[in-house]
Amino acid sequence: MHSHDHACDHAKLRIAVFAGMAEVIGGRHLELPWAGGTVADARRLVAGSHPAVAGLLARSAFALGNRYVGDDAPLAAGDDVAIIPPVSGG
Amino acid sequence: MHSHDHACDHAKLRIAVFAGMAEVIGGRHLELPWAGGTVADARRLVAGSHPAVAGLLARSAFALGNRYVGDDAPLAAGDDVAIIPPVSGG
Amino acid sequence: MPINRDEAFDREASGVAMVHGPIDTVRLLAAVGDAAAGGNVLFVGTVRGVTAGAVTRSLTYDAHEPLAVATLATLRREAIERFGLTACAIVHRLGPVAVGEAGVAIAASGPHRRQAFAATEWLLERLKQDVPIWKCEERGDGGREWAHPTTAPRPGVAP
Amino acid sequence: MPINRDEAFDREASGVAMVHGPIDTVRLLAAVGDAAAGGNVLFVGTVRGVTAGAVTRSLTYDAHEPLAVATLATLRREAIERFGLTACAIVHRLGPVAVGEAGVAIAASGPHRRQAFAATEWLLERLKQDVPIWKCEERGDGGREWAHPTTAPRPGVAP
């Protein structure tokens, strides 16, 4: 809906998802209504809106840009956020 | 001298030599006067005629065709005999 | 920003690449050739047609590309240092990969063969544990499944 | 009877060859490709230009060719059985070999990568111990020396 990215009370957190999580969600990105918060907050919102991925989410990490971040890391609308489930390359 | 190979009292045992042994001997083959005998007899004759290779010879094996043979194996004129010094391929 | 296989494979710049077409293993091996190297190892992981009796039709790889490339580059630098390599290059495939085709290739060269062998095996283990790449197996019975191993540690968490 | 590199490399017949020209490593890797294989390892031993500070100009290999080919074929069959390989191929160079060129190449494929790695390393160890091939190192200072390691067991004698 709000594809423009300026701060407002309808700000969104856009989160990239991959592989099995993208398949269950049916897309490569999630959008959460976001007035600010931490990775832990984002986890709760994703698990609430997409219960089918809650199990996989609990085993996944969050990345902010090219760094993994812990549950207490703050996330802002416009951040480059991704959910990284257990990997299986090679 | 006697390149023809029929049995006679000038029979020779032709032995293939390789690598460092060929270099010291100055050729790819040795010829021993041979009225019959074993690998041990051939070792003594080679060490006597080419003392420069005696040390390497003591660390070498004998092959008859594509098989290694022990010191008590009999050798006959016309056999496909080779001296195999310690290897260094790869 | 996928690195296309037609683009220059710049060994000096990074030595790692994610490609959407067939992996050029010949080029990979050539890239690690060096007069200072005596041992050169190339590993190529190909899609196996049968696993435990079940037929695989193809694999599809997905990845967080920027993070995967950055992680591969870090692993490559660590391998060069840890094993004293002369050179090292890593390529991973993305998208669909047919049976018999390469999904991953790692080349390593070192003054002695043990360095190259040890580094290649170490890189493969680390790649499978640490790099945000995922495979989906399409089976002969029509089923398909993304692999998210339950035994794996959570990504990004040091063991 | 050297096997020329232009002659067919007959994987089914023997999977081993001694060649007097450059080793075709690309062909070797292709020769072990198989839909049943997931792990493919190619080792290429190249002539190193510097060893312990001394400059090497080239190597020359000599061999008892029939016995070397027979021994390589036996080792290959043993490796296939012991490690459950899908395929395996071994080529060793003869005559002079320049710095950077390949003296030996071994390719092995197996259902899983560990089999291919283990087999390749095992084959190299055994090749260096058991196969009647010898190297002469031509150094930058003009010296040359055939290598007949004093620490090696006498060839053909089981350890």
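Residue numbering begins at 1 within each chain, and the chains themselves are lettered A, B, C and D in the order written.
Here is the rule we go by: a contact is a pair of C-beta atoms (placed from the backbone, for glycine too) under 8 Å apart; a residue touches a chain by one contact, two chains touch by 3 or more.
Because the structure is a prediction, the values reported are computed rather than measured.
Participant: Give me the step distance from chain C to chain D, shortest route via touching chains only.
Facilitator: The distance in steps between these two chains is 1.
Participant: Using mean C-alpha positions as chain centres, tell me how far chain A is from chain C in Å, no decimals.
Facilitator: Measuring from centre to centre gives 27 Å for this pair.
Participant: Please work out the Cα centroid separation of chain A and chain D, and write it as a whole number of Å.
Facilitator: Taking the average C-alpha coordinate of chain A and of chain D, the gap between them is 52 Å.
Participant: Between chain A and chain B, tell me the centre distance in angstrom, where each centre is the average of that chain's C-alpha atoms.
Facilitator: 78
Participant: Note the residues in chain B that touch 2 or more other chains, in rising order.
Facilitator: There are none in chain B.
Participant: For chain C, what residues touch not just one other chain but two or more?
Facilitator: Answer for chain C, listing residues that touch two or more other chains: 45, 124.
Participant: If I apply the definition of touch given earlier, which pairs of chains qualify?
Facilitator: Inter-chain contacts occur between A-C, B-D, C-D.
Participant: Using the touch definition up top, name the residues of chain A that touch chain C in the complex.
Facilitator: It is residues 16, 18-20, 22-23, 56, 59-61, 63, 65-66, 68, 82, 84-90 of chain A that touch chain C.
Participant: In the complex of these two chains, what residues of chain D are touching chain C?
Facilitator: 25-26, 29, 33-50, 99-100, 109, 111, 113, 116-117, 120-121, 124
Participant: Per the contact definition, I'd like the list of chain D residues that touch chain B in the complex.
Facilitator: By the definition above, chain D touches chain B via 45, 61-64, 66-68, 70, 92, 103-104, 124, 127-136, 145-150, 152-157.
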